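The following pair of complexes shares a single chain, chain A, combined with chain B in the former and chain C in the latter.
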Partner chain A sequence: MPTTRIPPRQRLTLPLLLAALLAGIMALAYFEVIDLYIQTIILFIGINIIISSSLNLVNGHMGEFSCGHAGFVAVGAYVSSVITVALFTSDRVFGPPLLPPQLAPLGFPLALLAGGAAAAVAGLLVALPSFRTRGDYLAIITIAANYIIITTVINIDTIGGARGFMGMKRVIFAMEEVAEIPWMVLWVFTFTILSLIAIRRFVSSTYGKGIIAIQQDEVAAEMMGVNTNRIKLVAFMLSSGLAGIAGGLYAHVIGYVNPKSFDILKSTEAMVMVYLGGMGSISGAVLSAILFTLLLEALRPLQIIKWIVIPLLLIILMQFRPEGIMGNRELTDIFPRLKKLHRFK
Partner chain B sequence: MFDTLLQNLINAMQWGSFYSLIALGYTLVYGVLLLINFAHGDIVMVGSYIAFFVATLFLGHYDLFPVALPGPLVLALTVPLTMILTALVGVTLERIAYRPLRRKGAHRLYVVITALMCGLILENGNLALLGASRKKFPELVDKVIYTAGGVSVTNLKIAVILTAVLVFVGLHLIVTKTRMGMAMRAISYDKFAVPLMGIPIDTVIVFTFVLGSSMAGLAGILFALSYPILDPYMGLSIGWKAFIAAVVGGIGDIRGAFAGGFILGFVEIMVVAFFPSTYRDLFAFTILLIILTLRPTGLFGVPKTTKV
Partner chain C sequence: MKLLEIDHLEVAYGSIRALHGISLEVDEGEIVTLIGANGAGKTTTLHTISRLPPPEAPRLTAGDIRYRGQSIVGVEPHDIVRRLHIALVPEGRHIFGNLTVQENLKLATYARRDDDRRPADYDRVFDLFPRLAERRRQRSESLSGGEQQMLAVGRALMSGCTFLMLDEPSMGLAPLLMYDMFRALKKLNRAGMTILLIEQNAHVALQFAHRGYLMDTGAIVRAGTSAELLADPLIHQAYLGG
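Entry: the complex of A and B
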């Protein structure tokens, strides 16, 4: 197929817009126009976008029902935190820094990726049984995986057990020693965009179309020559790996992780974001992550009532729009003119 | 050594009875509707609170009913009243949240999310209404301890285990022997043909929810009697675990839910007996994961053949 030449305007608009957005947020954060609270909310939006779009890969595109996503977030959070804390800071448990702290800005993304890789390996816990198990039985396996991961963490005393693990703030300080910029904004933004590109490219590739084939009809997909086991393996590992990256970012934004914060309730939040956005819609997952995070913050003054109002809103939404905000469409299907702005392939 | 083992076995029977009772409710609703009713654990919690208020009412704690009745009579009144009221809660959820979605033909996972949200509302609504102070369930019947050898059994434990067995037998008879049970099985077999045969599908579904939720109410009372401190999140973990038990047995199958509940209870108690208690969930869920990997449709589940 001859490659069509894309006019430069079309090719560059989206990257330029994103770069401008990143520069804008970082400048605002640098000159302290937006305070730390708003900055944290923006960071949470980014993290939640990764979590919801990665879960969407399994629950939406592949049509499985994974309800233990927070477990993989936990793996990523713990692994990357332990790596950064051991390498770049002097810690009570891990002793003096193993590498000069000046390397922190270089090592941090690598630690995040290592956390993601560990989470992807943990994803095998679900991916391997998924060869033979489907539907609600697989859902249980994901819940069990979530419990297994959390109780494993609780039983490892070196990383704090049930008390939690801290010291990640010192990693941030080590990075700020090198250059005084809002590092976490940079990392969260970069990894959010990279995850979205990865998911988008994977799903729209010929290879990744197998995921949608599995969602439609697994038997038929297998007959058409889709290696369903391999596709499932890749999809589960990609999904949990991205969740692990989100976990690493979350741990460094908060500066403290606790096994309790990755329990079924957190998984429920992730599921809510997926189904709120619409199964199998990447832009839906992004939109719902933004909306959900903002909603959580906006209703914070209500305290305990918040957790009555939010489920109630969701139930009402489900009654009027049972397919979620976007259904399985993308933003570009609704506003075709947006297609002019980007070109992923 | 043998005594401790036997003692742990009896404790496991009691703990497994709770899981079984709750798993039976899950499996009934799932068997008919293919809906994972994630609010079920919280319905158990609501059942405990209803039992608390009914029991304290008859014990004369409120001005509304100033006479204090004797404990056993209070219990005899509490059990049916709680079951009826809890069934009402379950049916209300079905009417308000699940039925409109079913009518619209929404994807079943959206119904599952709705169920999760209903559970959150029940928990936090309770917390907002009653405050964070925990309630202490009154002791209605004097505790009797029977000791044989080194093994001791309380009357409560016997009652819990007996109830679970009776409920299982009763439900099994209802589902296999009555016309209503036949209708329930028919709906789970083919939900499009059943209305054409003149079976009132909504009545059958409401009946299913009445059965499932009243079992949850019963479990709530027994749980409150055995572990008298009530808190709004008590249904959360036991509910998720009972669901897992139901699936391990083979979800949709009543025998499976019963067996799965006892297996989970047994594993949990035995792990705690020999290892530090923080390992409980780790071992229990690893064993369940292995069972499901070896038997992907649960112990009693029949593998479905897919025709093309």
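Entry: the complex of A and C
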């Protein structure tokens, strides 16, 4: 039975499912069926999906070892927060709103993208040294980049320095003035999906083949005509840019950012998610972000002991399943029928 | 027609000079071999031509490398493959162990824009090395050393090269496989491929190449046709064992 063409209706299944899921969550949040706590956990899942899949691009697909991902999250968080707070709210430091607060729902995604762009530029801190350095040495450089970013933030007093920066809740209120819907659910969901599409497109493109080649053997990649420097530059900047978007979302969900929340512990969380999910697997990164966020919440009563239990779980995982949940496979490799839901080019 | 001309090339690793002004040339359609002992500078010469990325890259301090009459000093390593179609089969093979034979070959077409000629090149590789066709779905790290070497050559061919450089293709191969490899290279050459080959086994290399250069501690000490070199008493004494 030859099936050469897939009917267009089938191809739309995945977008339709996602739209239904978004509408479902938003309705549940709107009618207060799920309380704010559950809502926040759902939002964190989305943010963590962006963080883990963007780090997975560098650590998994490209096989480099970046341990300073939280630094780029911080850049995005601060830049987008400062933009939205200055533009749409009256702030102690930045004064009255520069634009009418009614524009907040339009301005917010643009501010997020600006935060992402700033984080992508910060990604050069890691991308440029990666031309000549790899492996352990690059890992040390990424930690240094993480600390450079945090220390810079601590020393800028206008954005609160070590005390942190707040006022993002007022941006959310400004959006709710315009329309009374759970805005952050909408934004987190939209940007999570957009990030995943961007990563999926990137790794399945010609560039993606180059990334596989770099991951396998950099010298051989160059010998086959792969411009390794350019691909590394693009991959690092895309990865840190998406991390910046996640940072902007995080800042607006919490309503408060503090340099401390983007230190090496946060970077470690991101790495745990990548290695839990499986290196080079997008669906693995998504699954592990969901699992890890839920686990983190479940272990919250343990407080600081949590940070003994989670590394311990990582050690056990490395002992018994070092390739992570998915290895480098995708869900569609394990359940080929899922392919029917959507055709990627 | 002169394809590759190396003109008084001097190369250093840091402050250590590795090549002391060597000159050699390769004509189109030729097989030329560089022979010599370990540390003579043979691999350095190939790496300088293909401009491998750091830290492997040797630093060129004087002299010139011309390909089809144009200097290729300063050309990026990926452009050597992409635009000039020069491929290197490196020592140690550098195959992608995690990927299957087929995937290795497919990845090698990365830089190519001529989609229509690819199927013919697959056929050419599988025709030269039927073993690779048998093992196309096998992970390449599970291949034997000889098969991995075949894959490394096959991958270079899939990059669409017209000039092939090989660094000790016989290393670690059983004599029978070694002759197979050389037969395959000869066949490629008859079909028009220019080949520059490094070899420790001077005897085999000279039987197979048209011309050769003998290198010693960063300099070329003898040059000539294979027959001349095979008859040379110096080479006979030092490299062919009496």
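Convention: the second predicted complex is superposed on the first by the 339 of 345 C-alpha atoms of A that agree within 3 Å, B and C clash if a C-alpha of one lies under 4 Å from a C-alpha of the other, contacts with A are read in each partner's own complex, and residues count from 1 in each chain.
Just so we're on the same page, a contact is a pair of C-beta atoms (placed from the backbone, for glycine too) under 8 Å apart; a residue touches a chain by one contact, two chains touch by 3 or more.
All values derive from a computational prediction rather than experimental measurement.
Participant: Identify the partner contact of A:314: answer first if only chain B is touched, second if only chain C is, both if each is, neither if none is.
Facilitator: first
Participant: With the two structures laid over each other on chain A, which partner does A:226 touch: chain B (first), chain C (second), both, or neither?
Facilitator: After superposing on A, A:226 lies in contact with chain C but is clear of chain B.
Participant: Let me test your reading of the model: by the given contact rule, A:209 touches which partner, first (chain B), second (chain C), both or neither?
Facilitator: second
Participant: Just chain B (first), just chain C (second), both, or neither: which does A:77 touch?
Facilitator: After superposing on A, A:77 lies clear of both chain B and chain C.
Participant: In the overlay, answer first, second, both or neither for which of chain B and chain C A:245 touches.
Facilitator: It touches nothing on chain B or chain C.
Participant: With both complexes superposed on chain A, which partner does A:153 reach: first (chain B), second (chain C), both or neither?
Facilitator: A:153: touches no partner chain.
Participant: Comparing chain B against chain C, which has contacts with more of the residues in chain A?
Facilitator: Per-residue touch count on chain A favours B.
Participant: Between chain B (first) and chain C (second), which, if any, makes contact with A:140: first, second, both or neither?
Facilitator: First partner only, chain B.
Participant: Considering only touches as defined above, state whether A:271 meets chain B (first), chain C (second), both or neither.
Facilitator: Touch partner of A:271: chain B, not chain C.
Participant: Can you pull the chain A residues that chain B and chain C both touch?
Facilitator: Common interface on chain A, chain B vs chain C: 132, 219-220, 223.
Participant: List the residues on chain B that touch chain A in their complex, please.
Facilitator: 30, 36, 97, 100-101, 104, 106-107, 109-110, 112-114, 116-118, 120-121, 123-125, 127-128, 236, 240, 243-244, 247-248, 251, 278-282, 285-286, 288-289, 292-293, 296-298, 301, 306, 308
Participant: Give every residue of chain A touching chain B within the complex, in rising order.
Facilitator: So the residues of chain A touching chain B come out as 59, 65, 125, 128-129, 132-134, 136-137, 139-141, 143-145, 147-148, 150-152, 154-155, 161-162, 219-220, 223, 264, 268, 271-272, 275, 279, 304-305, 307-308, 310-312, 314-315, 318-319, 322-324.
Participant: Using the touch definition from the top, list the residues of chain A that touch chain C in their complex.
Facilitator: 132, 206, 209-210, 212-213, 216-220, 222-228
Participant: Which part of chain C faces chain A closely enough to touch in the complex?
Facilitator: These residues of chain C touch chain A: 50, 52-56, 76-79, 81-82, 87-88, 90, 94-99, 107-108, 110-112, 155, 159.
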